[in-house]
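Common to both upcoming complexes is subunit A, partnered first by subunit B, then by subunit C.
Right, the complex of A and B next:
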């Protein structure tokens, strides 16, 4: 635990007052000025660019961070803060923000179908439901302009007609090349470059096809092809409803961010709204989720617990063996044992997956002479395989830390135990293990927390499988909470960021609680 | 002790400075891409498999039209999700190039806009347009069509029977290790089994008149049960095996250990590269009706929030839709063009044979399909492994589960 004591000694230094670094003008002071100048320059540059793109939140955060940095490092009294500041800023930016944002999302219905704001949803519904009038013609179209106003000109039944947003298409004098209007009297035809610069105006323009509004409006998407379109759904801002122009059905917004009709038909897309604790309760109350959830919860505890116990037991055993001076070539063995730790876990897991393949895997084919043992596809064997692979991946770490801890146990303590007539086993049980636990217990707790969320191993090795036969969600016998969330919230086809965030928060609370209890227990160990 | 703290503090300060650099540069990059947009530039997102050809095409279009084009490479695993997330923030592209089965997700999230093809619609194959049709409107311009079919090693066999059972029986004479390989995997592969399933008359959803799908499940009933029984039989005979995934299936075919493999152009290209003599044929029927694979269509979508809708439409309909460009895309991607005129001009025999085996069933793009995939694959694996005592019952359980997943 020595490496996390940044704050402690700094606090002690704070009492030295007059001896502060801020007053001395040695080489260190110049280094400090240069560093602070760089921090300020970068910070201000960040603020400026954030303002330029309109990211006000980022700009405010950076401005505050720079101001705080100057205050902390140029003040005479802020010695502890000088050490804490960088860590605090990083904590804010990379931890606290992420946590708060996750918490915010957990209380919304953000996900597929509720992806953006209400304004966007209204625009999208209107856009998707403006349809080409059935059976209508398409026309080669010319975009024309008069006094800054845009209009469309087409050949209708061989006759040149022109109109703009207010005036329906009317016959006009001009010339054409047989398919397309080339010039209209009183109007100027636009070049492609002009079309591009007025793109939005052109694609938004609807020229009434005739005096009858029901006939639809002439529009274009690419500035060359004209077609007649009419809206199927019309939005009325005054009543905040959509109305279907043919059936007359109205759709009103509900409190879950969707427009729905009286008989429950929902328009897509909806928008993101707060839904309170719904995401949190869904996991317990929804029949489809609740059953598998508790099964998975139990396995998660078993998996994390057994992973810690097995890796620690093997690591400790090996550490004791190789700590004995009678073993020859200890250094070579030790280096070899650390190898699994040196491989990227991702890669190693994939290799294990291949080796454990029922039919073509190296283990079955070579080691077991062609036996077809379903290592990853039988529920119990898959659980065993997951633990075994995790043991292979995890024991070198435990081996390392226990070796270190063993070597720090003073030899005279053991010697006096032997003089007192303690057996070898008794010495281990009463002297070595208690002393060892003082330094390793916090690591065991963090190993538990790590394995509780060991997504990569499960995802890469079994993908959570084998699947619970006939279960209504795609969760399997080796799924742990975090991989279950992934499969329910992302892999099931419809993304549910809200639900995923809610369960992540639950996992955070569980892990936090266990760690807190664990650390409280270890404090009693330290008093030995 | 004291020195180590100072070192740590310096390290943290350096990290902070670096973080500040990284943080500072990002908005700057966005700013430079936002500035020329006013003059009419187009941003196109493509994945790594298409980046080269689209960079070329964008340059040519840029020369032709005088419009600045920016082709941005996105990882194929992330491009779809990123598009859905970025369009609402205004940081999305004008155009995204991808697969037609994204359509449903894009439309229900309101991130794409309908595209009116006018008379050009007649120039595309029916299945490719049906693929991009959602709720009566077309949302993408198709450029390439891909599907799986039966690939035959001509050095091992030269004639292929009419039915799948005869094809399996044919191996009694040939004596290869496997009569045919169809890739599976621990989580199943419903895509590669779909031709067999459709031959029993059990398509996944009901198809509308325009070729798009309604959310009405059609894979249940007697036809589905018959297919479930058949899968169990194939598993018993060892024809299907979950341990054979794509890589292993490919290797078996390459090694000549099987005369047939049900696969797509991606592996066929490797077979021709290995100088094998192959033909591509429709998958023989197992249940009496035509065996139709899912057809995957590639195309371009236009963002709902593009500020250059006019140019974006011009690029995807008039440029990507042209015969010439469709042929170039076909050549680069090794998939048959979606334009019928271009498809007629293709001189690659394998490509032509694949598109002849295509049929009329696009892969469903409706969001309900997302609820189908995994249930489907794992159930099929259970049937193949013989884990289910009553195949028909476990097939029906699957249908119920899919239904309840769809209805939330």
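Right, the complex of A and C next:
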């Protein structure tokens, strides 16, 4: 994909007009040919690798992208496409497709324990549930290493065989002392000290005994003696079930992507399946989840709304205060007042986090003389702190915007109001504000949308905390929807991509609705 | 400034002597306080509120103890050892990462956005209106809403092409560029439309191809908007947090936003002095850039709405 974007701009540079690029072979033309060659080479290499890995989606996308690039840049027509192609390809992949993919994942149980396909799950179950075969023979074993990967070497029927976690035991050249392998070509045998220091890795290692998974794997407990562990759970493709060879219990697949026994015991891992609206019903009806979710939902609106109102109010107030030519040093004031906006927001948020620290923070220790006020750990104070810090971060923007808007309000309108006897307050309310709203309303809507998803502020300042007690996911009193998404997907111990995507999808719907309402008012769509 | 003088009468009291308001003849005494003086009070209070956190972080960065408590007495001790320690940490690696990622993204955004705006502004083709509408719709949904899907897609791509998978700088840039068109095309499109088409036509008659017109004429004429978009993109990418935090994993590949977050939230070691020094160094270029180009940035901020 990057090769495509690289190829784009300069490729365009070489295209000398629709009349011909055969006749004009300037330097640009050569650049274009070289870049297109690179695009094709890298693209085809990508397609080939994707096919080898069995990643059909990636292969299809790359093939289409390369074909489209060739078509667009070698055709004499398609002029607009030559300019749109690089941006559009990336837009398709990382904006439109990921949105659709979010919608798809929202209806699956994708997450820890359900990460991959059924085939992978079956292989993993067979491999993880192995036990030493009773009374089976043991092998004097040598632990060997290659490029940091551990392997086992044993004598099987007098022949030296070696393998690692990926490759089954295979014959290899080396030397032995009759009972034990002493050296293998291409591998180094581990010293005793290393055996001790890497013992956890060694006892975890399983080397497939042969290409057939049913043959089991070679394992060791002490790094010196190996034994064969055979699968306890055997998969039968004909009936699509697992059977436990020792207890005889059978496990059948259920519609949630797991093998389950009759008495409800579940084998892990499972695989990814569609679960319909289950993620959504869980969010709205499951007691322990729905409560926190609604609190987060309400707080998201409150936070975004109050952030816009407070920043706008303070910004407008300051703009009016300094919109008076009699105030000396207005330029200095303005430059200093926009400092919070110029300072990168994420750094400012982190600085505030430190200043608001309960025990050592500057606010408590210096300003309030050693009070231990839990600014970031009390539910209400944390909400207040989030809003206050966002006010600090956001008012300069509103100050700048409203200053500009105020200055563009014609003076004669105000003058005529005054002539008609309007008081100063009346003039502000009936003339300045309405005129101001015309130009700033769209900005207020986008400020609302921005704060609705102001992840960095929440995550950096409070981490969403203080956390709700007893919720199945790690969310708290200051979490907004987007930080809840992040927490469910990555921070809650068990990663639940499906559930997180369902919350994402809800944000999409809400943001879409808000923007639609905004557009209906401003009618931006009409002005294309 | 002309706009300022225009609004001048509004604030003054409508009196026959209105024309006299100028510095030497302004209100004095109590009236000065009710009409002008209180504005200075408000201004000074606000300036203090704005400046204190910044002074605090500068003082903390200069405090040799490097701890929270030590940082609280502003400028009580001054030393540069926090800055020196940055050289032994991963800070400069993060700095370079952030700089490379933000610069590449800014350049890519300007080129791709400019090219797209050129196509929409100068060509009439089927699907143009639909494409513009789609972009307008896409623009409403920030990329980060799909952060989980982005992570999962990069996992899948990583199986095929590891350099474009998770934990890859290149992949992160590609993701950022994927969001570029949706955000900036409209801003640029409006500006491109203000360049008269006659200029293109004259060049075409003189034998210039469309590529020549784009690279040598149009891009030069719209350079103010290119600067604004590039700068906004740079600053935006520099501070982007959620996608960078999701995509990048190994400590050496982090951006400043992710790395400094780790320092600031590290309650056990609390490398507060180190964090402060890093924050000051990271902020200085952005603040300077911002103050220098203030006028353009503010213009760019409001361009989308004021125009039209």
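To be clear about the criterion, the second predicted complex is superposed on the first by the 320 of 528 C-alpha atoms of A that agree within 3 Å, B and C clash if a C-alpha of one lies under 4 Å from a C-alpha of the other, contacts with A are read in each partner's own complex, and residues count from 1 in each chain.
What we mean here is this: a contact is a pair of C-beta atoms (placed from the backbone, for glycine too) under 8 Å apart; a residue touches a chain by one contact, two chains touch by 3 or more.
In this text, all values refer to a predicted model and were calculated from it rather than measured experimentally.
Visitor: Which of the two partners, first being subunit B and second being subunit C, lies in contact with A:472: first, second, both, or neither?
Guide: It touches subunit B, and subunit C stays clear.
Visitor: Considering only the touch criterion stated at the top, classify A:463 as touching first (subunit B), second (subunit C), both, or neither.
Guide: After superposition on chain A, A:463 lies in contact with both partners, subunit B and subunit C.
Visitor: More residues of subunit A are touched by which partner: subunit B or subunit C?
Guide: C
Visitor: Quick one: is A:86 in contact with subunit B, with subunit C, with both, or with neither? Answer first, second, both or neither.
Guide: Both partners.
Visitor: On the A-aligned overlay, A:46 touches which partner chain: subunit B = first, subunit C = second, or both, or neither?
Guide: both
Visitor: I'd like to know which partner A:360 touches here: subunit B for first, subunit C for second, both or neither.
Guide: Touch status of A:360: both partners.
Visitor: So, does A:132 touch the first partner subunit B, the second partner subunit C, both, or neither?
Guide: first
Visitor: One more residue to check, A:376. First (subunit B), second (subunit C), both or neither?
Guide: Once the two structures are laid over each other on A, A:376 reaches subunit B alone.
Visitor: Is A:58 touching the first partner subunit B, the second partner subunit C, both, or neither of them?
Guide: Both partners, subunit B and subunit C.
Visitor: Touch check for A:301: first (subunit B), second (subunit C), both, or neither?
Guide: Neither subunit B nor subunit C is touched by A:301.
Visitor: Enumerate the residues of subunit A that count as touching subunit B in its complex and touching subunit C in the other.
Guide: On subunit A, the residues that contact subunit B in one structure and subunit C in the other are 9, 46, 49-50, 53, 55, 58, 83, 86-87, 90, 93, 357, 360, 463.
Visitor: For the complex, give me every residue of subunit A touching subunit B.
Guide: 6, 9-10, 35, 38-39, 42-43, 45-46, 49-50, 52-53, 55, 58, 62, 82-83, 86-87, 89-90, 93, 112-113, 115-117, 120-121, 123-125, 127-128, 130-132, 138, 192-193, 195-197, 199-200, 202-203, 220-225, 227, 229, 268-269, 288, 357-360, 376-377, 462-463, 465-467, 469-474, 487, 491-495
Visitor: Residue numbers of subunit A touching subunit C in their complex, please.
Guide: For subunit A paired with subunit C, touching residues are 1-2, 5, 8-9, 12-19, 24, 28, 46, 49-50, 53, 55, 57-59, 79-81, 83-84, 86-88, 90-91, 93-99, 101-102, 105, 110, 318, 321-328, 333, 335-348, 350-355, 357, 360-362, 365-366, 392, 396-397, 400-401, 404-411, 414-415, 418-419, 427, 439-440, 442-443, 449, 453, 455-456, 459-460, 463, 482, 485-486, 489-490, 497, 500-501, 504, 507-508, 511-512, 515, 524-525, 527-528.
Visitor: Which of the residues in subunit C end up touching subunit A in this complex?
Guide: Residues of subunit C touching subunit A: 3-12, 14, 21, 23, 26-27, 35-36, 39-40, 42-43, 46-47, 49-51, 53-54, 56-57, 60, 67-69, 71-73, 108, 111-113, 115-116, 118-120, 123, 125, 128-129, 131-133, 136, 138, 140-153, 156-157, 159-161, 164, 170, 173-175, 177-182, 185, 208-212, 214-215, 235, 238-239, 241-242, 246, 257, 260-261, 264-265, 272, 275-276, 279, 282-283, 286-287, 290-291, 294, 298, 301-302, 304-306, 308.
Visitor: Which bits of subunit B are touching subunit A when the two form their complex?
Guide: Touch list, subunit B to subunit A: 1-2, 5, 8-9, 12-13, 15-17, 19-21, 23-24, 27-28, 30-31, 34, 39-40, 65-67, 81, 84-85, 87-88, 105, 107-111, 113-116, 118-119, 135-137, 186-187, 241-244, 248, 304-305, 307-311, 313-314, 317-318, 367-375, 378, 382, 385, 387-388, 394, 397-398, 401, 404-405.
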